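Below are two complexes that have chain A in common, paired first with chain B and then with chain C.
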Partner chain A sequence: MDHIEFYRNFPLLPPQSLDPLKADGYIEIGEDQQCIHVGMTELSVKHTSKFYSRIIDECDKEVGWDNVESFDKELQIMTIMLIDEAKKEHKVYVDFASENFSSDIDENSVSMEFGLKKYMDVLRKKCEQLADCWALLDDVDSSLCVLQPQNPKRSELWRRLAVSDFASALLEVVPDLFCPQITVYGPNSIAAPLNAKVKGARGMWNGALSARANLEAIFDFPLPEPGSFNQKDIKLECGICFSYRAENEDADQICSSDPCAQPFHRKCLVQWLTTKEDTRQSYNTYFGKCPYCSENIIVTSK
Partner chain B sequence: MASVTKRLLKELQNIQREPPHDDIITLGPTSDENILQWRAVLRGPSDTPYYGGAFELRISISDQYPIQPPTLTFVTPVCHPNVNFGTGEICLDILKSRWSPAWTLASTCLAVHLLLSDPEPSSPLNCDAANLLRCGDTVGYNSLVSFYTRMYALE
Partner chain C sequence: MLTALSTKRLMRELNQLIKNPPSSHVRLLSHETLDKWKIQIIGADETLYADEKYILQFKFPNDYPLESPEVVFVGDCVPVHPHIYSNGHICLSILYQQWSPALTAEAVCISILSMLSSCTQKKPPKRDAIYVKRTKTASPKKTSWRFDDDNV
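Let's turn to the complex of A and B:
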């Protein structure tokens, strides 16, 4: 639709001066015709009024305007509050610029064609499914020393915990799975026995106890208090690209020589070793030297 | 984001949080547009004839960094056995064969700073300076270097 049709649909929203892309006025909402004040700096109209009315309509009937938390200045993103059964608040974003829905529950965005009501239903179902996971993660966040992620989002179902001076554990929760997945990272001499303990304690997770009590029962020693370590104390980042997660992969290739224990991403390490003349290769396994301590390091490319 | 950009932003963050050394006066990208071009200014180390001078380095980073080393060249003319006086090219093993991703731009600059006080006359790019050192004429070497420092590099 063109600008003329747009302005015909919103009689209380006149264009400003000579620029048809700028407008300042009111739009009516709902049957009792409440008005909200709207200022537009750049109007771009891509769809028919039907498309927008459907979303307004869905807001009206399904979501309720009470739950609309805010609009951003450009009127491009509408934020809706979704409250699940456990009374947890989640934000849903309706992005009119890129024409999609997204939320802090789910990283993936969904096209507007999907329908707001349907999308909210999917999210409600997801909340129900993840309620136990979030309860566990909330417990972990408040009682243990979490190194990463620094400001966890609801969609992030993993935590990196400090375990001891040199080791950290990756805890991942999976919906519908009774106990979290735990992997310990650090120098081989520390991480290997701890991982064996985790393996031995499989199926022993007791949902009635706190996360701390469960983990301490597995490792058999007290875990550090929240805030007693920060990220710098425990090496988590890949020694080559300096980031922790790259292309959804952890820096889980750890130099096995003891004081070094430098983590790398598999991809980064392979990339480095293939440029070195003293690296030997057998099929997809590379035998070379750690770029930090020059001790032998072995990596298999996927 | 390309991994090279991510790593360089991390390095920049670390430099701003913890400045690497008093003698590294500036170290950072030349402009906001291109993070692959950096600039450093080193203060000449005390107890050397470079003392009192400020030396500017141009740092070009390839998109293969840190698998490939960065290229450091002196912009300020430097009289040093391992620096080409005309082009500013530096001969330093860690910038070539002994490079490792464990080095950062900050530690590389420190290595260049250290090279100023610890020349290696057996692999020279400036034969005149190297020959003075090789025949043991420290007095001659020092006065030659401080002459050039005063001529080109005064702070």
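Let's turn to the complex of A and C:
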């Protein structure tokens, strides 16, 4: 658009410059020719995507601009609000820089080729499928002492709960599966009997009762209140990499000597043991010493 | 290049050291890069090294914590101690054969402080001059250490 054309279209909006476009003034709208004040600055779009027009078209026709919540400053990420049948709000991110879609619901991103409308439909279906899981997890989050994850995302379908002073339980929900999967971690003397109770109570989960009532029925003792433990009280982190989840695996290899009970990731522990000369190996099983208490520790690599 | 495992772990350690320093005798001076830190230690009260300030340099290998960090005294001032050579090399088992990923940079500092604290006589190691001449500025991890003196 050149100066003359710009002036013809917006006579009350004198541009300070056309490239990049910068203008401040008024434009007339409606039949009664009301004026509104406009200041405009062209945003420098670092990356232009061939998908802009397609997404805009989809927003016009199908998704609806009402649902578009925000754009980031560089016009690279558009956030869309998706409200599911249970009135839960989910954010969908349309990322023009990497040309993909992602969301709170699903960790994996999907290429823009897929189409926004189609992606939203997939998410809606997923919401439907996960509604029961989320209801259970919301109940868990509000009534039990959750150690991990600290700020759970909708895509995270697991919780690490405090069970007692030394033990924690991993609760995982699976869509379409009636009851959550529970595994107790901690020193052997505490965890083993509790895991036996979990095994014994298989199929007893009562969907009509709260998560707390169900778990207390399984373990047969009251569980800690929310906030009564924090992460530091119960050893959850791998003693080698110091993180909790790595490559989607829990630090679930626990040193079996009682006061130690240090957790490790399988991979980290195998890596450490293979560096030690006193480790013995038989097929894919390693017999070595715990780096914390020096007692025997056994791990099988996957 | 640090691996994902070592990056994550070093971030944790660094964070911890900045937020909750173990004592007023251990202070992080700099971390130009994630794998090279300088930490000041101050000799504990009522010991031979009381109030003396020394600087430890930590270099973390790419596969830390599977491998131990390289730790030496740097700066003008190296403590005179039977297990510390005048080029800054430290004869301490946990830095070499006895390393375990259960240890952290912070734990190493505390160990070195306690090594200073338990010393009863400030004297250099035997044959310090020969060792220093031979190793110069090479990494102490290249030395094959013998740990036979448990007294200090």
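The rule is simple: the second predicted complex is superposed on the first by the 251 of 302 C-alpha atoms of A that agree within 3 Å, B and C clash if a C-alpha of one lies under 4 Å from a C-alpha of the other, contacts with A are read in each partner's own complex, and residues count from 1 in each chain.
As a working rule, contacts are C-beta pairs under 8 Å (C-beta built on N, C-alpha and C of every residue); 3 or more make two chains touch, one makes a residue touch a chain.
What you see is a predicted model; the values in this text were computed from it and never measured.
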| item | value |
| --- | --- |
| Fit or clash between chain C and chain B when superposed on chain A | clash |
| Chain B versus chain C as contact partner of A:243, first or second or both or neither | both |
| First, second, both or neither for A:272, with chain B first and chain C second | both |
| Partner chain(s) touched by A:298 [first = chain B, second = chain C, both, neither] | neither |
| Partner chain in contact with A:260 - chain B first, chain C second, else both or neither | neither |
| Partner chain in contact with A:217 - chain B first, chain C second, else both or neither | neither |
| Overlapping contact positions on chain A, where the chain C interface meets the chain B interface | 239-243, 246, 268, 271-272, 275, 291-292 |
| Residue ranges of chain C touching chain A (in the complex, touch as defined) | 5, 8-9, 12-13, 65-67, 100-102 |
| Chain C-facing residues of chain A, complex | 239-243, 246, 262, 268, 271-272, 275, 291-292 |
| Of chain A, residues touching chain B in the complex | 239-243, 246, 268, 271-272, 275, 291-292 |
| Contact footprint of chain A on chain B as seen in their complex | 3, 6-7, 10-11, 66-68, 100-102 |
